[in-house]
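In this document, chain identifiers A, B and C correspond to the written order of the chains, with residue numbering beginning at 1 in each.
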Amino acid sequence: MALPPYASPVEKLWFWIFRGSCGLVLLFLIAPVFVIIPLSFSSGSFLTYPLPGFSLRWYEEIFSDGPWMESLKNSLIVAPLATLLAMTFGTLAAVGLNRADFPGKGLILALLISPMVVPLVIVAVGMYFFFAQVGLLNSYTGLVLAHTVLGVPFVVITVNATLQGFDFNQMRAGASLGASPVRVFFTVVLPQIVPGMVSGGLFAFATSFDEVVVALFIASPTERTLPIQMFSGIRENISPAIAAMATILILLSTLLLITMEFLRRRSERLKAAP
Amino acid sequence: MSTNAVAARPEAPPEANLKKQLKRADRLRKFKAIGLVAPLALFLIVVFVLPIGSMLWRSVDNTELESVMPRTVAGLQQWDGSDLPEEATLAAFAAELRDSRRGGGLGKVGRRLNYEDNQYRGLLMRTLRGLPASSENWTQTLIEIDPAWGETTTWREIQRASPPVTDRYVLASLDLERGADGEIQRIDAQNRIYQSVFKRTMVIAGGVTLICLALGFPLAYLLATLPPKTSNLLMILVLLPFWTSLLVRTAAWIILLQSNGLINQSLIATGIIDTPLQLVFNRIGVFFAMVHILLPFMILPLYSVMKGISPSYQRAAVSLGAHPFAAFWQVYAPQTISGVAAGTILVFIMALGYYITPALVGGPADQMVSYYVAYYTNTTNNWGMAAALGSILLALTLLLYLVYHRLVNRKQLIRS
Amino acid sequence: MKKNNLMRTRLARSVAVSGLLTAGLAASAGAQALTVISFGGASGDAMQKAYYGPFEEKTGIELTPGDYNGELSRIRAMVETGNVSWDLVEMESPEMVRGCFEGLFEPIDWQRLGLGDVLIDSAFDECGVGSFVWSTVLAYDADALEAAPASWEDFWNVEDFPGTRGLRRGAKYTLEFALMADGVPNEEVYDVLMTEEGVDRAFAKLDELKDHIQWWEAGAQPPQWLVAGDVVMTSSYNGRIAAAQEEGNNLEIVWDGSLYDLDYWAIVSGSEHVDEAYQFIEFASQPENQAVYSSEIPYGPVHPDAIDQLDEEQARRMPTHADNLEGALAINTGFWVDYGEQLEQRFNAWATH
């Protein structure tokens, strides 16, 4: 939306007000993410400006053998497993939903999406009591199952979206050529829905990696995940260590986004080339 | 294989065969589809629906007394309430009270009876402390320990707390209670909390949604109308906070908004204010942090709808002499309605269930329903209240989800 | 067809692997380390240095530290649902006594502990072994205030001492301070609080200050808020303030009108690591280890010999120093055992509006 050359002064003014306010909204979105970074280099132990001095002590703390590395390790155990389960269950279900019409389909779709809708605290309290009864409280298994539940809707939605344009006659074609259903799935269907699976999986991973409410209820200190550690870093153990961990996480997500944008541009160029 | 099956039965007319065959193939496809969906559906029913269902059950569950003092409860059931309960009932009570110290039973009973009258936990503790190993006459012994055991009202209250199902929690979460004659009435004004908590939850969620819409709409419009190269770059600025941990962003707002924080410091430096404003641990902080976290959920659906709107209608309107503002409001804006609806309801639903952010950046008067669900679960062990408040919140959310579903479906209808 | 089989075995194998993985995780969850829960923050750091680290090194017993804010309810839920994941917990005395009575803690077998009677008297309780003496004090930012507040009366005086105040979000300590501010002498505070009018009086006093209060829940918050300028004065655990002072922040403590008490170690009933817990308590009660803890954070040791190992400067910052005990009030455990839950409930309803 460029300003046309014949724009009146009022239009010009409006144009710049509009752009300016959009700029402010973008600043509002992005500034808080970066404001936390300088604090990670503080030599003091409080989360406040101005910094008393520069030091790397908080990076030393989070990278030394201690609760931060322990919780990062736990998150890196739980999140990939939950993602894997969510992708498996979610993809199968999305394929099933698109394969044929059957009674109660709308209801089942609503069920599969519902973990995204139900307030987290309710999920947390419900699982807390239920896991206590079946002995899954304070276990990795319980945490993985809980995070699988929370990640599943993302996979269902994204795979469902990629399947909208999928022609199921391809499966019949595969079958008529003698391939087993499993083989058809892996060689015909899978390659086409991989983008949906990956983006759904990414959401599922991010959900587990950033989930604190359910984890606070169902994990013991042994399974303490990174978000729980960060939560305590804002309350029970306030220190710039959380800023150091935040800086690293921000760095990672920036890298991820830039890589994705780069890949997208490359694939566009490749498509454009004859 | 189905072709073989058909070939084996040549007597049927060919068109009927085809029909049957098609039907069978169709049914097979249906079964296969159901088979693919079933694992996830079952998984969710076991790990998600069942836990939530059993939690909801707790909002009417009243089996505390029955589970710890079954004989006392049975004895009180027979009791007509006119005179003191029989000696046998009191003896059973004394024995069961002594046993209740193991495995947290005493805490359970004390907690439940305290909802009737908050003297009971102390009474039970005192009684247990003075309880002799044996007695000829338990009625007398108990009264000697504490005269409260000699009053029928004490036992009537215990009797009232005994039935296995109750509506007290659901009523209490609406600031209602049952009076002495069993009639539903409002509780004392000074103890009313939850109507205002629900109202507060709606106000915060609604306010956050409106602010998100006000901030998100222009930005989404800009992103949708800029050349792709620029808009993709700017999109990164929207997506980066989206992919940044919620706790990191909450911490960032605490740092920004605190009295010596950057916002106050720059306001003071520019001479707009001279004493720092209280911006965090109150409602303002909650709004800042929640809007920041939820804004991308408004921008993304708006953007995807606006991306699909052709600019030519608006241009046509302008070329036909419409004022650009009129062209925007009358031609462009109506086409964004489905995005606005999707974005607002999505943000509103998410905001309704917020817990962590208000807990970290709000004060006691800014906590939403979720906070009380967690509070009752973790801090007071009043699981009935937690479940009752949770049920109402859940019902509210599901209702909105239904509306959302309708809207999105209609949107798809319009498109096709 | 062959390829198809291969695919199938691959699939089967990956299913088996993920199954094994889950089973392995479940198994590893059974063999957990000794889980020790404290109030975290600066105190937790000091425990790490004085107790956790050296204990692991000496005994080879693995230890998982955790933190909480003193809620007895979390332990109640664990015991009642039979999911005990905490072994040893740092408890404030009223909660320890109440929990003991409800059967939430293992009664302490003093023979098994093998400490004799070397600790100070109040360190012995049915279910708890004293850990240290702490104090809740009035702390203020000397840079932010022109005059120095000297009492809880000054804390309530927003005319002469303008600015936001911090208080703990709960009835405990808060009601005592409100009565002190209202002119009730220390020795009468609990007598007044035991009456209904006394409680009303405390809440009425809180009403006066309500708009100026920012409520804290975790012990790490008051020093952070003082340093960040969010509050000009606050109630705080004295040890946390000392940690901030050491970093050069100009914070001051008013000892007059402070409340002191012991924290205890208690073993959660149903813990699978009772032996290890006893070993830990014994280790943490040794004078040399207590001296390390108290030199990290100025909370008073319960082993008399530990005090001798501290220098005068360190001893002066302890709640147990004679100068600091003057004008201080011991928390009445019995009162909070009996009235605690009821008052907390009322406080919560009051704070919500």
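General remarks:
In the analysis below, contacts are C-beta pairs under 8 Å (C-beta built on N, C-alpha and C of every residue); 3 or more make two chains touch, one makes a residue touch a chain.
Computed from a predicted structure; not experimentally measured.
Taken as a graph of touching chains, this assembly is fully connected, with contact between every pair of chains. The interface with the greater number of C-beta contacts, when A-C is set against A-B, is A-B.
Centroid to centroid, with C-alpha atoms defining each point, subunit B and subunit C lie 30 Å apart. Between the CA-based centres of subunit A and subunit C the separation comes to 35 Å, rounded to the whole angstrom. Remark: subunit A and subunit B have CA centroids separated by 21 Å (rounded to whole angstrom). Among the residues of subunit C, those in touch with two or more other chains are 77, 228-229. In subunit B, the residues that reach two or more other chains under the touch definition are 258, 260-261, 377-378.
Multi-chain contact residues, meaning those touching two or more other chains, occur in subunit A at positions 47-48, 129, 235. Those residues of subunit B that touch subunit C in the shared complex are 101-108, 110, 114, 118, 121-122, 125, 128, 190-191, 193, 196-197, 258-261, 276, 278, 280-281, 363-365, 367, 375, 377-381. By the touch criterion stated above, subunit A contacts subunit C in their complex at residues 44-48, 52, 67, 77, 81, 84-85, 129, 132-133, 135, 137-141, 144, 179-180, 182-183, 186, 220-224, 232, 235-238. On the subunit A side of its complex with subunit B, the touching residues are 1, 11, 18-19, 21-22, 25-26, 28-33, 35-36, 39, 47-49, 89-90, 92-93, 95-97, 99-102, 108, 110-112, 114-115, 117-131, 145-146, 148-149, 152, 156, 181, 206, 209-210, 212-213, 217, 227, 230-231, 233-235, 242-243, 246, 249-250, 253-254, 256-258, 261, 264. The touching residues of subunit C, counted against subunit A in their complex, run 3-4, 7-8, 11, 18, 21-22, 25-26, 28-29, 32-33, 35, 37, 39-41, 44, 64-69, 77, 81-83, 85-86, 217-221, 223-224, 227-229, 243-244, 247-249. Interface residues of subunit B facing subunit A in the complex, by the touch rule stated above, are 26, 29-30, 32-41, 43-45, 47-55, 58, 215-216, 218-219, 222, 225-226, 232-234, 236-241, 243-256, 258, 260-262, 265, 292, 295-296, 324, 349, 352-353, 355-356, 360, 370, 373-374, 377-378, 383, 386-387, 390, 393-394, 397-398, 401, 405.
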